[in-house]
Amino acid sequence: MLIYLIKRLIAAIPMLLGITFISFLIMKMAPGDPVSIFLNPSVSLADIEQVKKNLGFDRSIFVQYFVWLKHVFVGDLGYSYVTGKPVFMSLVERLPATLLLSISSLIIILLITVPLGLICGYKRNTWEDDVVTVFSFLGLSIPSFWLGLMLILVFSFYLDLFPTSGFLDPLLYDAPFFKKFTNIAYHMFLPLLTIIIGGIAGLTRYNRFGIIKVLAQDYITAARARGVAESKILFHHAFRNILLPIITILGLDLPSLISGSYIIEYIFSWPGMGQLGVQAVFQRDYPILMATILFSSILIILGTIMADFCYAYVDPRIVKKSSHDV
Amino acid sequence: MLEIKDLIIDFYVKENVVHAVKGIDFTVNDSQTVGIVGESGSGKSVTALSIMGLLPATAKIQGQVNFKNTDLLKLNNDKMRSYRGAKIGYIFQNPLSALNPVFTIANQMVETIILHRNVAKIEARKMAIDLLDKVKIIDPHKRIDDYPHQFSLGMCQRIMIAMTLSMQPDLLIADEPTASLDVTTQKEILELMDELKELYNMAMIFISHDLGVVAERCDYVHVMYLGNIVESGNPRDLFENPKHDYTKKLLNAIPKIYFK
Amino acid sequence: MTYKIWFSIVFILSVLLLGILVPFFGVDPLLMDYSLMGTPQPPSWQHFFGTDELGRDILIRCIYGGRISLLVGFVAVSISITTGVLVGVLAGYIGGSFDEILMRFIDMLMALPTLFLILIIQVMLEPNIINVMVVIGVTSWMGVARIVRAEVLSLKQRDFIVAARSRGITEFKILFKHLLPHSLNPVIVAAMLGMGGAILTESVLSFLGLGVQPPHASWGNMLENSLGYLRDAPWMALIPGVLITLIVLSLNFLGDGLWLLLDPKAKDNHVRN
């Protein structure tokens, strides 16, 4: 098992290199020369050339990439064009809020969607199944940013139940932990709701197909033939098997889940990486943009590896195969 | 023990109706082995699954399945469950797919034993190991913690047999138990089943497309063709004097070695 | 299932027909009513969907926006399907290390946060409708490529391909006459679902001001407009959002329906023997 994990980690390295190289290329294509931006107009052209040389801009793109990579390794991602602050620190500051939102939404989505998919697949082609199917299609089709706006309209403007934006009341910065926690949860309610509505829709539908497939297997009929109770068949025998496709789809869905939640962060002014990134889009703040891509790609790759790991944990048959091959 | 009367099974798929079984009758007496022979699609497996009440919801079943004077078709799912395994055991064609791939053998056997015999977990595990030993699994106390994919197909079928025996059923339905195995393993499994059938003194329904295998161990044989029983009798009579064209064809398909 | 399909067909056709015919109605999506400027009007008999902050009729703008949505969806999907089918067929057909490298490359692209990448590319390029279509197209072909590759891989082994080869039919003909048509079913389904996805992406881009530019109407940039009036004129946000949802819903229903129709494996009911 440990060997498998190490293998997967090693296999992720070329992928990470590739992704960072693509990010780097896009950064190179960006208009606006990072050198000229920092220099004042009185400096001569020759001096600019010298600075460019010092920074390695006259060398080949691959050399420049590896120099950049070296900087990335020591946490040097440059400085924001807008605030002048180090990019690495700005992103690390934003990481907790993003992780809080994405991990809690993921957990809630799983807690709702797995039993729902199980029941739908079990009761397939009944009216209950039909209702859930229509709703899950609806959830898949709603633009999440618009759903966020509508939730703000209803819950903040009309009902005045939850705040439209923010993370923690400034007054509570020094408050005890529990008070802070409830205040953050209060602010998180609407963005969380927006994300989970979209997430539930897709996964429920997927789980339904998964459970239908599992329930048609011989080992389910065999368990019934041994007199095992239906509830036990559903939540024990079928459950563990249905986890496999769920893990696979979660791993594959991770990129869209993460970039989808960035727009939500932006709508609700949730102080995470996404909000920073989307703002940077408007301000043409390229160092921040590149770092956001880099950070998200690392998060996504880590997520994929974790998915692979869970897969191998649940399925005793898979120790070599990756979940991508399924 | 088992009496099937005018059993009709239709499948409703979308607007189409498939008549899988078209009204058959047969009986199984105590400790008797009854064979059902036919090609795939003749309705023999559907008949067997209907006895267990395991057909999908698209199936419509008419007639009577009387097991020890109870009509199983009239029972609700909960009542039916007390018959499954405990009174009627079922052995599947493909043993590997009949074992849940994500649980160990111990897990699945202990669950079954606890469900049907009022014993503690440790006791159940001991019984499971004994049973594995009985079906000639080597090193049962070690292998019991392995997963199904770590066994060969023949081994898996032995495990399925052990699991079915752990419930001590009165009637055993074997649905082409050796069809997915190679010839040598087939022979071993069949010998094992004969041995255990003697030991436990069960009645058995033996389903196969192989008339030779059926003839060797059945007291009575029914030949099924397109949802009907076209011919019945004891195997010797059937072989010596086949009446139906289909039986003759089946006989011609068997290697002559069985007629010795 | 059928009522969902009928709903989808009717809705898509009406958006399409209205979009095609609207230039002949003699209405102008940019016509402003100066008396209503600054105070959006709620839906009334005069303006079924109300008016926006510049006094423009929202119904007319929605019809024009529908045109844009369908156009963006169609062109973007055409690009992604063409790319995906080409890459998938080549990878599956040639196989070997070529296939391996291509697949790892696709894995890599799929690990990128696509929507965010599109935002960045849109910032660098000039945000206009052509760029929107192209960018969405070139960032969404990977799924199609994977599906087609898998189909080709399984078809390649089948007897009728081997038989065709043994009859001396050229490889080129095998590829485009025998392999490609047989792998198209899942592609049609992916196209339907992809079109819904492309319309959603367009709406996000336009909402952020990086897609279709004003004064041209798109459902996404109408939502951007509505932001300042969310409290006072909620219909400005409600109507375009509902329309986006309905068109994407219709495409999803159609895709799902086609899948059930085309893919024998998708059928839930199967008889055991």
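Order of writing sets the chain letters: A, B and C. Residues in each chain are counted from 1.
In this text, a residue touches a chain if its C-beta (ideal position, glycine included) is under 8 Å from a C-beta of that chain, and two chains touch if they have at least 3 such contacts.
Note that the structure is predicted; figures quoted are calculated from it, not measured.
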item	value
Smallest count of steps, each to a touching chain, taking chain A to chain B	1
Chain pair, most C-beta pairs within the contact cut-off	A-C
Chain of greatest Cα-centre distance to chain C	B
Separation of chain A from chain B, taking each centre as the mean of its C-alpha atoms, in whole Å	50
Length of the line joining the C-alpha centres of chain A and chain C, rounded to whole Å	23
Whole-Å separation of chain centres (CA-atom averages), chain B against chain C	52
Residues of chain C whose C-beta touches two or more other chains	270
Multi-chain contact sites of chain B, meaning residues that touch two or more partners	49
Of chain A, residues touching chain C in the complex	14-15, 18-19, 22, 26, 29-31, 124-125, 134, 137-138, 140-143, 145-147, 149-150, 152-153, 157, 212, 216, 252, 255-256, 258-260, 262-263, 277-278, 281-282, 284, 289, 292-293, 296-297, 300-301, 304, 324
Contact footprint of chain B on chain A as seen in their complex	217-219, 221-230, 237, 240-241, 244, 314-317
Contacting residues of chain B [partner chain A, same complex]	49, 52, 54, 77, 81-86, 89-90, 92, 94, 97-104, 111-112, 115-116, 147, 149, 160, 163-164, 167
Contact footprint of chain A on chain C as seen in their complex	4, 104-105, 107-117, 119-121, 123-124, 196, 200, 203-204, 207-210, 223, 226-227, 230-231, 234, 237-238, 240-241, 244-246, 248-249, 252-253, 256, 268, 270
